[in-house]
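Each structure below appears as structure tokens.
Each of the two complexes below includes chain A, the first together with chain B, the second together with chain C.
On to the complex of A and B.
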């Protein structure tokens, strides 16, 4: 892959981009490093703080969560081993099933619209000459804003009596819509969720496209391949590995959705997603045992979906 | 690479200008439309923050030509948004510092040393990316209660540092791998030990990676509602996202105040972003977020 040839040059943005690899990519086999006396000591000293931090605040808690998932708890001090009972409950829990479906529904919107819009916008920006920088900066706006602030903004948009959307409708003499009703609420939440991160994937796509050598396009032009055909036949296949990365990020990101649902609808009216359901079980009800079980389920689900998606998109990677 | 691109565009420009006029106009329209969806809501909320609630409800599109500051005085005096600002800055800033220091050191070892078990460490780190905060929150909460760190600044800094450390280490290590061996050898000739090499060569040369990592870690920490609700939800330590959540449930009918709260949260970040947007994009360009 690209990495190996570039190791010995000075760093530039282009090389660094290709040097950060996604899982599965080969590790630094061709890495050239020097060895010094006393390296062993430094390896220990430099790695220890990170290892300690991750162990105390990540690995230990993760395994403790697995451990909790086999207990029935009342607070932290009263717990009783119940074997697989929490997992049995998992499969008969209708609310969890609903939360899973809601999460999957948002995932579909994210994959189709968030990734889709980002890709289309990126292709367009790649094809224009003026205002490129302007669009890049402006499209990124929402990404730097917190989901909570965006949610509050959309609360003001969706408000039945005085919200932005209903006042537009009223201006046109149309009837007001109950945006956060049982039927609409989840879609109403999906809109800001999708809008929030389009700019993020957009910049990743634009970056990937800017690395395609120009002579590919010149050759396509000589063959008379332009427009949509160029996008489908040339651009998309050439950035396929980046699309895969984006899809994986979108999947793991969607499973973590919490703030939009929590602030816009308080997770009511059929909008519970896995994140809010876990929060309610573990923190509101203080049911740490079952809450942990739900969390483990979320991890497993995330890994399974990500693996499936990567399997579906499996193809020969193109290097250039 | 720059000249190559502009050359290519030149060709396109001269050969097919007429042919593409319609398509190009169409693209500019779509792009501008999307740009409008990102700009107008910001304008709308800032504009409405200068109106009393009644006007936000009835005339939300009109310009606030006669701005009122009542929402801002309420925000600072009654709900003490200034305090939350400081809390956010301390906690997110602290998280960034810890992540850079610990992640930087680990990245240096992973990228520039050879030792047994390196591949294993990489695999563990990649696996760590798959563990979301949900799967650690209960035991971390228990741990923080036991050590009496809940509702202190450390109660958010420590878990968030751990949560962002893997990402930071992988990105910085990715960058350090590309640094020329000659630099290291020169430092070795000058009698630098590994610690000095890290401080004098690798930290400065990897500045772009450190910069983009700090921007993203700061944003993710500043915007993380889930952890804030659980670990630091008392008034004296509450960061700004948790305060926003509180406002939406306590003052959900005071539209002017809500608009102001959103403005106050978003505006500083947007202004900073406009100044460093080149940097952020550079960070993204450098593959910073592929983790």
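On to the complex of A and C.
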């Protein structure tokens, strides 16, 4: 059955796209269905470049990494199949264990402070009427700056000999502090890491909160629920699904931390994270085989933690 | 619904029309502006009937490199003499390891530059073995004048393991202990010409709050090279780790710890990079630094650069070094890639450019700019300042000039040696364990 009435109204170039056959579709529904089907062709056309792009730049390298993880590589020109040796090394590698712990430590800081501060800021901004846009831009701004630039900034803050922080201390006649000492370095790096992306999650939270219908709050007001109670009992439960998304983003983002650590401490003094460790193995040592193995470990770890977090936060979906 | 897709389509059409319109316009503009150009260029082309060739030269003469302008000028000189040749000066800073990845990826993926300026030794072994570059022996022998321009020692230094010369050297380098004489004089200290004087200087300076030796733990390339050379001597140093561990290497690491315990390193040595260490020296905050000849051009403070001299690193007691051994050589050179050599259109131009870039005149200019030792015979360079002159004298009087360790061992082995520095000086690892760990990695790499 050809939907001739409609086709006749369209210009000829469009005819081919919308003239599908739908044997069992009912007359009154066809209008919607046919057009969805017709659009679908365009959707495919527009989806294809992205899919091709991802295949070339993401999936192909990923499977190539899997392939390389079974080789011992010497630079770029020489490789030898070694079976599971790289994976054996993975499980006995103390440095990798340390890097994992450091990454998890940053993950804790990120979940507690980055997500936490973003949530608190969002609740506060949601409760004011003026300057909402202003605060939104101000808090979002650090996200726009490149991580490396921020890292260089913090190198100059933390430097022992002429860093900003120690200059301030010296002005007050206090003893200089070694900010990037072995006990402190990871926490010092966590500060810019957390700060950099607070704005991003803040914007997500503010957007989520603006979706909550006003009558919920009106009802709460009538019940006399305000302030912290309103936030804990009403706002947060209502945006829980967004919080879940943010936590997943924060987890996957933290596993990729690289620039802050590399620039601020060169991954020394107990700050080596998975990103820097993989880079060192693959790029500095030119051991692409083991570097690829570490990369795969990172992917697996990321998926496991994200699934775990999702499981823990499982709740019923709320529809307004 | 129908209408929305119609609207979408018509919008697309409008866009394409816009694009088409824009395209037409720019085309018109281009042709309009190009016509007079071609007119002026035609007579030139008739003068030089040579085919147009474009060459890509990859080097590290970019970013903050002190010879960047001299290098660009040398390329410009060539293109002005050969107007049919276009040169793309492709550079990447040598401050981090990124350019090694770039070079290797290019060489491995069929994207070779026509001329490549890169390290010799282990770093080049991969693409040399893969036949990506041409041995220069025959080209050198065919052009006696060009060959005679090089100092024989410089050419010898770039010889690869297989006995061929693949890289034409430009300038060499030396590394040494750069000392701020003024700080030593102000504190009534003798220059660290032997180990005892070194220890006295370190403990005195550190008590006074002056950094004795600006050195980072992570980018500790020069520290490792000099401590091991001073402990194990030229032979032990050059043996690498392939055939077993020279016990004197451990003495080198033990000496690092000895100086660290006296307070030799900056407080933040663990987290600074080489740039920051050099900065400490440049600002007069540190009395000594182990660096390469190229570094002094970045020290602008007259108080520092005018008071700097270069010494060989003192011999470590119990070791076999002479105290006059130096790290240096001609660790880099121009490679001619096989792809270019086999390309009849490019071959002659590329060879001509190679000869131009390694002619005594260009070598001299680059050497003046970067403070390196010229690879040309009969080119005597007086240092641009007293420090550079001292440096040349130090290198000239050295009992042996050795290529750095990282050209003798696998990259991963060297990283392990680097990682060992902090662990040893802070007492977390014994020197023997640190060297053993590196040896294990070296063995695994040979598999």
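We adopt the following convention: the second predicted complex is superposed on the first by the 267 of 320 C-alpha atoms of A that agree within 3 Å, B and C clash if a C-alpha of one lies under 4 Å from a C-alpha of the other, contacts with A are read in each partner's own complex, and residues count from 1 in each chain.
Basically, a contact is a pair of C-beta atoms (placed from the backbone, for glycine too) under 8 Å apart; a residue touches a chain by one contact, two chains touch by 3 or more.
Note that the coordinates shown come from a computational prediction; the quantities given were computed from them, not determined experimentally.
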item	value
Which of chain B and chain C A:265 touches, first, second, both or neither	second
Which superposed partner A:42 touches (first chain B, second chain C, both, neither)	both
Partner chain in contact with A:82 - chain B first, chain C second, else both or neither	second
Contacts of A:283 with chain B and chain C, given as first, second, both or neither	both
First (chain B), second (chain C), both or neither touched by A:124	first
First, second, both or neither for A:160, with chain B first and chain C second	second
Per-residue touch tally on chain A - higher for chain B or for chain C	B
Chain B versus chain C as contact partner of A:135, first or second or both or neither	first
Footprint overlap on chain A, where chain B in one structure and chain C in the other make contact	6, 9-11, 13-14, 17-18, 31-32, 35-36, 38-39, 42, 76, 155, 159, 161-162, 266, 283
Chain A - residues contacting chain B, complex	3, 6-11, 13-23, 27-28, 31-36, 38-40, 42-43, 46-47, 49-51, 53-54, 56-62, 64-65, 68, 76, 117, 120-121, 124-125, 127-129, 131, 134-149, 151-153, 155-156, 159, 161-162, 164, 167, 195, 198-200, 203-204, 207, 210, 213-214, 217-218, 221, 226-227, 245, 249, 252, 255-256, 258-259, 262-263, 266, 274-275, 278-279, 282-283, 288, 291-292, 294-296, 298-299, 302-303, 306
Residues of chain A defined as touching chain C within the complex	6, 9-11, 13-14, 17-18, 31-32, 35-36, 38-39, 42, 72, 74-78, 80, 82, 155, 159-162, 178, 180, 182, 185, 264-269, 280-281, 283-287
Touching residues on chain C, where the partner in the complex is chain A	1-2, 4-6, 8-9, 97-98, 100-101, 104-105, 107-108, 125-127, 129-130, 211, 216-219, 266-268, 270-273, 276, 280, 283, 285, 410-412, 415, 422, 444-445, 447
